[in-house]
């Protein structure tokens, strides 16, 4: 049994440079512990600031109060209805956007003429801030669900479309040629060559769209007043119920984190077999 | 010039400890061109990183110019195998070669420029100053890396399988380039490779490493003439003998005493 | 010459066709909410005079620029710091991800508590909302610097400042730019929302005023202007990006074709 002196495995920078291949269980555990510590620190800071008078309690209630209100809300029917409405708008809007995005993206992507023709239009429409549609939504649908959907679908659609276009563009010409030489036809090509190549991009698009959809759903509810979490937040602010306001914001954040995690997990599952050659993964 | 004494490197992995290097001891004198060969996975890169001060050994030490190596020392330049990833893609060829020199405040801009130009000319790339590395072929990129190393005016040049990822013809040219630079600049070269032919062709001495956990299996003096070229030297009977001997040793090393990785 | 014409034709073909369809289909429109395109365009020209642009649009854009710049500077600086130390990153990552997940417009009521409803509030809102993608992408960019480059820098004994300047920042720049791009759209959204919520001037405020007073063609013209601004800003961003990341685009092209 050889005796070794305890020297660190590498010298130099503690962090810069990926060490992915050498991350042991211990390091991952340490990371998780640190992360939880960070969250705990945040809660501690928010608890102490108003107590010590650094920040007025009116502006920032302590964590304990926020949590108390939060727990309270968890027992309120109105709260859960609002969350349900938010998730409903999110889900429907996302579904529409994904289906539309994939279909339109595939069609445009596969026909070079269409792609050239629509490029400028897409580039013009895409950066239009969805909030510009708010007045329109209000006029057309008032405070119904459809108001929210208008914004959600509009914003999410572009996320999906752009990614699908990248995906179709990324098809290996050799693979495409092979498919053609086997006379697979359009549908065959799509199924065996284009779709598998585009799938990682589609998943990225879905993930990005999922985040955007939630943001827009809550935004629409906030500004327009359609039913949901955003509307509750607006009401809390208007009636100066500050701890409630913070509690609802926390819920919105948690919702966002959960959706992001679920989307990433789904992305990983679907692509478990897929070797992704892209290095950049937009967050 | 360069002394490796009792070098030992153990990697603490997930559940097992891997003893990459058990005990390496050898010397490289000033002005030598020494090649290190060994079977795959025998820790050649680990060894080079320890010598370069990029990795701390678990035990033993590397002595450079009479002082122990605790971090990357002054006077040592490294040429990595992955040239594509070792050149900065946002800098032109010229800026890449100049980068290590920027640290030396003693040098003025004109002096730096001269060193850069000479180095690039020496590797035969006088006219790609303003290109970006990714615009060049693999062989040319590796030349840029070599130019960067020699512009640095090091005493020791460490090369980690620099031609492994390059095609055979380019490799032959680069081998000759190295020998040429070595003779002209009088720099000490430690050349790690898995290519036995290359090791015998280039080196004055070939250090054969065992399989992991690595020790020095043997040191072979290459008594080929000082003037070497691809065509004639490789046709010499002595070349074939030396090559055969090294090959044999490596085969033995692969099959020979292999101590299993220390667990627990 | 033919090439230029053809490209222009492709670029403008569909938009012009769509505009024509819009024009024709709404020409006789009696729908209150969807006036003829002609009316909208006339309202556009009449509403957005130079004076009005200066009074309403310029302040909006100025606040946008200030908030975005603030988010950029603070975000990149903090990101570089956090990304360089593994333990700091591990400590802060969940917290940062949480803040990033909060829909930015929701921050408006919260920041209104602290900062009232004036200029500062809007700039702060934009900055606080836009900083997260910048910060997190910078952290990710620093983290994914190529190991070989790090080894090379160490082997050639580059000092910490040189490493930051020649290695870390350029290596992270593609990721940072991604963050900046996302931050731009968030900034625009927040600019509009913060004005819709509480303001006395600005583009968002004006559009909402039109909507409340049922000045429909003017409202549409405002929406068009907003869309135009969004488009122009994204074009500007792309131009700057292409200059700054020219090396990166070249590198990717070379990699793809090999």
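As written, the chains take the letters A, B and C, and residue 1 is the first residue of each chain.
Quick note on the criterion: a residue touches a chain if its C-beta (ideal position, glycine included) is under 8 Å from a C-beta of that chain, and two chains touch if they have at least 3 such contacts.
Quick caveat, the model's predicted, so the values are computed rather than measured.
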- Chain pair bearing the highest count of C-beta contacts: A-C
- Which chain has its C-alpha centre farthest away from the C-alpha centre of subunit A? B
- Where the CA atoms of subunit A average out and where those of subunit C average out, how many Å apart are those spots? 17
- Using mean CA coordinates as chain centres, what's the subunit A-subunit B distance in Å? 47
- By the touch definition above, subunit A meets two or more other chains at residues 12
- Note on the structure: For subunit B, residue numbers touching 2 or more other chains are 53-54, 71
- Message: If a residue has to touch 2 or more other chains to count, which residues of subunit C qualify?
- Response: 146-147, 151, 154
- Message: If we count contacts the way the header does, which residues on subunit B are in touch with subunit C in the complex?
- Response: 49, 52-54, 71-72, 74, 76-78, 80, 82, 85-86, 88-91, 99-100, 102-103, 132, 134-135, 152
- Message: Please output the residues of subunit A touching subunit C within their complex, sorted ascending.
- Response: 12-18, 30-31, 34-39, 41-42, 58-60, 116-121, 123-136, 138-140, 211, 214-215, 218-219, 222-223, 230, 233-234, 236-237, 242, 245-246, 249, 252-257, 259-260, 279-280, 282-283
- Message: Applying the document's contact rule, which stretches of subunit C touch subunit A when the two form their complex?
- Response: 10-15, 18, 33, 83-87, 89-95, 97-110, 112-114, 133, 136-137, 140, 142-147, 150-151, 154, 168, 174-175, 178-179, 182, 185, 188-189, 192-193, 196-197, 204, 207-208, 210-211, 216, 219-220, 222-223, 226-227, 230-231, 233-234
- Message: Taking the touch rule as given, give the residues of subunit C at its contact with subunit B in the complex, in rising order.
- Response: 146-149, 151-152, 154-159, 162, 166-167, 170-171, 173, 247-248, 250-251, 254-255
